[in-house]
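The following pair of complexes shares a single chain, chain A, combined with chain B in the former and chain C in the latter.
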Partner chain A sequence: MTKTVNNRAWFFVLPVFAIVAFSAILPLMTVVNYSVQDTFGNNQFFWNGIGWFQDLLDPSSQLGERFFDSLWRTLLFSAIILMIEVPLGIAVALAMPREGWTVALCLVLMALPLLIPWNVVGTIWQVFARGDIGLLGWVVNRLGIDYNYTGDPLDAWITIIVMDVWHWTSLVALLCYAGLKSIPDAYYQAARIDGASRWAVFRTIQLPKMRRVLLIAVLLRFMDSFMIYTEPFVLTGGGPGNATTFLSIDLVKLALGQFDLGKAAAMSLVYNLIILAICWVFYTIMTNVDAQRGRVEA
Partner chain B sequence: MARITLDHLAHAYRPDPRSAEDYALKEINHVWSQGGAYALLGPSGCGKTTLLNIISGLVHPTRGRVLFDDVDVTDLSTEARNIAQVFQFPVVYDTMTVRENLAFPLKNRNVPRDRTARRVEEIAGLLDLTRVLDRKASNLTADMKQKISLGRGLVRPDVAAILFDEPLTVIDPHLKWQLRSTLKEIHRALDITMIYVTHDQTEALTFADKVVVMHDGAVVQTGTPEELFERPAHTFVGHFIGSPGMNILPCRVEGATAFIDSSAISLQRAYRTLSGGERIELGIRPEFVRLQPKGEGLPVQVRRIDDIGRARIARVEMGGRPLAASVPDGISIEGNEASLVLDPNHVHIYANGHLVAGEAAGGQAA
Partner chain C sequence: MTGSVAIGPTDTKARATPLAMNKAVPRPRVNGRAIVMGLYLLFLMLPIYWLVNMSLKTNAEITSGLTLWPQDLTFDNYRTIFTDESWYSGYINSLTYVLINTVLSISFALPAAYAFSRYRFLGDKHLFFWLLTNRMAPPAVFALPFFNLYSAVGLFDTPWAVALAHCLFNVPLAVWILEGFMSGVPREIDETAAIDGYSFPRFFVKIFMPLIASGIGVAAFFCFMFSWVELLLARTLTSVNAKPIAATMTRTVSAAGMDWGLLAAAGVLTIVPGALVIWFVRNYIAKGFALGRV
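Coming up: the complex of A and B.
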C-alpha cells in the first residue's frame, strides 16, 4: 500500500490536537508533575525526583510490595477472565441460531448485560450473592456449601469472576457471532462435500474467519479487565483484606484515601505505561498478521 | 462414475406447497448419462441452483427420487454421495496451503498418507497448480482458487459427478476462456459426468455436449447446441439462446399459410389442428430473415443497422413490432422502406409458447 503525503492535512488535524491537549495532555502533565513531588497537605509540595518510581519498582519497599501485589492480582484476574470468556463466548456464538425470529431474541437478551451501568452490575451482584437475602448466596448456602464473599477471599474472587463473565461474555459472543455470520454458506456446503467433521469445520473455516474479531475481543476484554474498578469496588470494596484490591482500586485508595498524591501519580503513570505497552504488543501482532497477508498478495 | 437419474423430482421451499406456483422446481424427469458434459442454462431464479443442490444432496427434494446408477440416494447425505461441487465464489481453506487444501477431502476420508500425496501431485499436475502447491491458498487469485475448489473434487478417485454452480462469475474475462478449456480437457481426460450451471449462453454452448434449458422452474428443452438453435422447442429457448434472439410474431395460421396482419407467409408444413383459443406465434431466427430493398416480401421500416463484426443485423419494425434481420453482403438500403424474406425451412409455429410439429404439406391447397 502506498501512502500519499500531503502537508496541508496537518491543518485538519490541528483542532483535534488542541482538544486532546486540553482534555488529555494537560491533565497528564499535572500527574507527571505530582509524581516527582511530595506533599503533606496545605497545597505545599516538595521536590522528590524519581524517588517514588524507585520505591514503586522495588518490591522490597513498602510501596513496591503493595504495587506488585496489586499488579499480580490484576494480571491474574485478566488471565482468568480471558481464559473463561473467550472460549465461552465462541461456544455461545456457535450455539446461536443463524436465522429466524430467535436471532433477534438472542441478540437482545445477550446485549442486556452490556447495557447495564457498571455500578448497577456491582450492586445487583452484591445483593444477589448475599447469604441472607440474595437468591444466589442463599441457594448456595442451603445446598450445604459454605459461601460468604465478604469473608472468604476465594469466594470473593469467584463472585467477581462470575459477575464479570455474566457481564462481558456476551460481548465476545456478539463479536464472534458477527464473524461467523460473515462466512458464506458455500464454505459450509463445500466442507460437507469434502466430508469435513464438525471439529474440522470449526478448525478450518470458523476459527480462521473469526480470527480478526477474536483479536479485537481479546484486546477489549484484556483492557477492560485490567482496568476494572467499579464492579469490584461496589461488590467487595477490595476486600476481604486486600484480596480483591486490583490496581485501580489500590490507586484510588492511595490517592483519595491516603491522599498520597505523589505516590499515586507515580503509580498511575506506571499503570498507564503497562497498559500502553500491552496495547502496543497487541497492535503489533494484529498489524503483522495483516502485513503478512498483504505482502504475499502483492 | 455413475448415471444420474431424476425421477419425478420436484421441490418447493415452502413446507406445504399447494399450487404449481409454490414450486421452485416443477416436476422433472431426466437422465444424465455417465461421462456427459451437460450445461444447465437459464436466467437467474429459474431453479437451476436448486436442482444442482438436490443432486449434490445439500437440499432434500419435496417429491421424487434421485438415483445414481440404480441406487436411490435421495436420503443419503452429501458426504455419502461421491459428488463434488464447485461454487460461484471460490471456496478455499484460508489457513492451509494449496497442497493441504487438495488433500483435505482425502484426509477426512482417512485415505493413507502416501496415496493422498501421490493423488494430490497428479491432480495438481492436471490443473497446472504444481508450482503453487506449497503456497497459502488464501493469497492466490480467484481463478487459481477456483481451480483448487475443482481440484478438491477431482482428487477423490470415486467421484461420480462434478457440479459447477456458475463457476466463472468472479473470474476475469480473459481467464474465463482458459479455465473453460481446462474444464473441457479434464472432462476428456477423466471421463467424469459434469453438470455446469450458468445463465450465460456462450459458456453453456461452448462447454456442453447437451444443454438443458430451464425456465420458471421447469425444463423447457434438452438438446445439443445445434438443436437449440435450429429447432427451439419453446419460444423462451428461441428468445434466450442466440444473439439477437429469435423473432416471435403473433400470427394466424390456416393450413400451410400463416398470416401476420394482412401479409401471408407460406409454410413448409400444414397446421390443421390449431384451434382459435390458443396464442399462436411464428418464430424465426434473424439469421434466416433476409433484408432486401423494397419489393417482394414483408414490408418493414428500417430503424437502424448494427455491424456486429461477422454480420450486419438490421433492426426493423413491422406494424409497430420490432424484428431483427440479417443484411446480406453487398445490399444497401435507401430510405426507411425495405422488405423481409423469410426462409420457409426455418419458420416455426408455436402454440402457447410450445413448438407445434405440423404435418407435411405436400399436395394440400393452402
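Coming up: the complex of A and C.
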C-alpha cells in the first residue's frame, strides 16, 4: 500500500508526541543532569564532568567492576531465557489443539501468568519454591536433592529461570500460534500430496511463516528479560550475595539505596544505550523482513 | 484436572481415519500434541493451584506441614481483605489508574496510529522508532526522575501520576498495535467516505473505528495488562492515597510478620481481574499477540 506524503499528519501525532515527551524527555534530561555531577547529600551538587562514565567503563575501578559484573549476569540471563523460551514456545504453539472449545480454554489458561502483577509472580514462586511450605521445594528436597534458593547461588539462578519460563513462555507460544493460524490449509494439502514429512512441513512451511512473529517475540523477550527487576527482587532480593543482582536491581540499589545519584544516572544512560543499540539492530532486521515480504507479495 | 482437559479428539487426522483404525488391531493412539499441551498447562497451573490452596488455609496449617488441600477450610483471609479498608482501597487505587491509563493511551494513540498507517511525513520513521524505544527503556532508569518530576508538578500520590507514567510504555505499544490493524483496512474506504460527504471526524468515529474495533479491544487489553502488572513505577509514585494493591501486599505483610494465608489470598485476588479480562478477549488474543501483523 503506497502512502501519500502529507506533513500535516504531524497534527495527529502531536498529542502522542507531547504525552510521551513529557514522560520521557524531561526525566531523561534529569538523568543526564545528574550523571555529570557529584553529590554529598543536602541537595548540594558539584560538577564532575565525565568522571562517572570513565569509572563505569573501566573494569578495574570499583564502579566499573560492579557494572560489568551485573551486565554479564544480565546478558547471560537474557541468553538462557531466549534459548529456553523460544523453542519451548514453538513446541507449545504446535501442540495447540486445532479446533473446538479446548482452543479457547488453552488460550485463556496460557495467558493467565501474563496478567499476574510481577511482584505477585515473585511471591508465588517465593512460596512455591520454599523448602518448608512450598510444593516444589518440598518435593525436590524429598527426592534427595539439596535445594535452597536463598542460600545457594545456582539454585537461585535455576529458580529465577524456571520462574521466567513459567511467566513468559506463553507470550512466545501465543505469538507463534498467531503465526501458525495465518497459514492457509492449501499449503498443508500440497505438502501432503508431495508426501512431505512432519519435519519438512515444519522447516519449509511453518517456520518461514512464523519468522516475523518470532522476531517480535525475540525482541519483546529480550527487552523485558534485559530489564527484569521486580520478580527476582521479590524472589531473591539479588542474593545470595550478589549472585542474582541484575543490572536494574543494581541500579535501584545504587540510586535509592545508597542515593549515589551521579553514579546511578551514568549507569542508567549506559544501560539505556545498550538496550537502544541492540533493539535498533532487531528493529532494522524486522523492517527489512517487512520490506522483503512487501516486495514478494506486490 | 487441567491435564485431562486438553486430551480429546482434537487432531483432525485422528478423526478423519476411523476406518483405517478399525482394520488394524485397535491400539491406543498416543496423542503427542495433547501430552505436550497437558504437561505445559500443568506446569503453568501448579504454582497457581498452590497459591489458591494456601489462601484457603489457616496460618497454623500452612506452617505445620504440607497438605495438598485445606484440611481446615477457611475464608477468613478473604474476609480480612474485603473488610479492611487499607486492603481493599489498594484494589480500587490500582483499578483507577489502570483504567485512566487505558483510556488515555487509546485516545491519544488512535489519531497517531492513523497518521502512521496512512501518510508519510517528515521524520515519521525516526519518530516511530523513538516511540518504540520508550517501550524498551527500563523503568528502573526512570523511577527517580519520575519521582522528582511528579512531585514538582503536584501529582505525586495521585492515580494520575501513575497513569501518566505508564503512558510512557503503553502509548507506544498502543500506537504500534493500532497501526498494524489500521494498515489492514484498505485506503479506498477513506476515499469513498470522503466522496460520500463524510467530514473526517465523522468518518473516523462512525466508519473507521467500528472497522478496527477488534484492534482497539486488543490494544486496550495490552494497555490494561502492562499497567496492571507494573509495580516499580506505581510504587515509586505513590505513598498513601493512591497506593496500588501490589505494594500494599508487600508492606503490610512484612510489617505484621509473615501472614502467609493473607498474602496468598491477596495474590489470588490480583489474578482475578486479569483472568476476567482474558475471558472477554479470548477470541482476539492470538491475533492481538501478533500485534495485528499476521
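Heads up, the rule we're going with is that the second predicted complex is superposed on the first by the 287 of 298 C-alpha atoms of A that agree within 3 Å, B and C clash if a C-alpha of one lies under 4 Å from a C-alpha of the other, contacts with A are read in each partner's own complex, and residues count from 1 in each chain.
Note that a residue touches a chain if its C-beta (ideal position, glycine included) is under 8 Å from a C-beta of that chain, and two chains touch if they have at least 3 such contacts.
Only a predicted model underlies this, so the values are computations on that prediction, with no experimental measurement involved.
Asks: Overlaying the two complexes on chain A, which is it for chain B and chain C: clash or fit?
Replies: fit
Asks: Touching A:Leu94, do we find chain B (first), chain C (second), both, or neither?
Replies: A:Leu94 sits against chain C, while chain B stays out of touch.
Asks: Contact-wise, after the overlay, does A:Ile80 reach chain B, chain C, both or neither (first, second, both, neither)?
Replies: In the superposition, A:Ile80 contacts neither chain B nor chain C.
Asks: Scan A:Thr204 for contacts with chain B and chain C and give back first, second, both or neither.
Replies: First partner only.
Asks: Identify which of chain B and chain C touches the larger number of residues of chain A.
Replies: Partner touching more chain A residues in the overlay: C.
Asks: Pick one for A:Asp194: touches chain B only (first), chain C only (second), both, or neither.
Replies: In the superposition, A:Asp194 touches chain B alone.
Asks: Considering only touches as defined above, state whether A:Ile161 meets chain B (first), chain C (second), both or neither.
Replies: Neither partner.
Asks: Contact-wise, after the overlay, does A:Ala186 reach chain B, chain C, both or neither (first, second, both, neither)?
Replies: first
Asks: Once both structures sit on top of one another, what is the angle chain B-chain A-chain C taken between CA centres, to the nearest 10 degrees?
Replies: One gets 70 degrees for this angle.
Asks: Note down the smallest distance between any C-alpha of chain B and any C-alpha of chain C in the overlay, whole angstrom.
Replies: Closest C-alpha pair between chain B and chain C: 6 Å.
Asks: Quick one: in the complex, what on chain A touches chain B?
Replies: Checking each residue of chain A against chain B gives 184, 186-187, 189-190, 192-197, 200, 204-205, 208-209, 293, 296-297.
Asks: Help me check something: in the complex, which residues belonging to chain B touch chain A?
Replies: Against chain A, chain B makes touches at 53, 56, 58, 77-79, 83-85, 87-89, 91, 93-96, 104-105, 108-109, 135-136, 138-139, 149, 152-153.
Asks: Considering the complex alone, what residue numbers of chain A touch chain C?
Replies: 1, 3-10, 12-13, 15-17, 19-20, 22-24, 26-28, 30-31, 91-92, 94-100, 102, 104-120, 123-125, 127-128, 132-136, 138, 166, 169-171, 174-175, 177-179, 181-182, 212-213, 216, 223, 226-227, 229-230, 234, 247-249, 251-252, 255-256, 261, 264, 268, 271-272, 275-276, 279-280, 283
Asks: Could you list, by residue number, the parts of chain C that touch chain A in their complex?
Replies: 2, 5-6, 8, 10-12, 32-34, 36-37, 40-41, 43-48, 50-51, 54, 62-63, 66, 104, 108-109, 111-112, 114-122, 124, 127, 129, 131-146, 148-149, 164-165, 167-168, 171-172, 175, 183, 186-187, 225, 228-232, 245-246, 249-250, 260, 263-264, 267, 270-271, 273-275, 277-279, 282-283, 285-287, 289-291, 293-294
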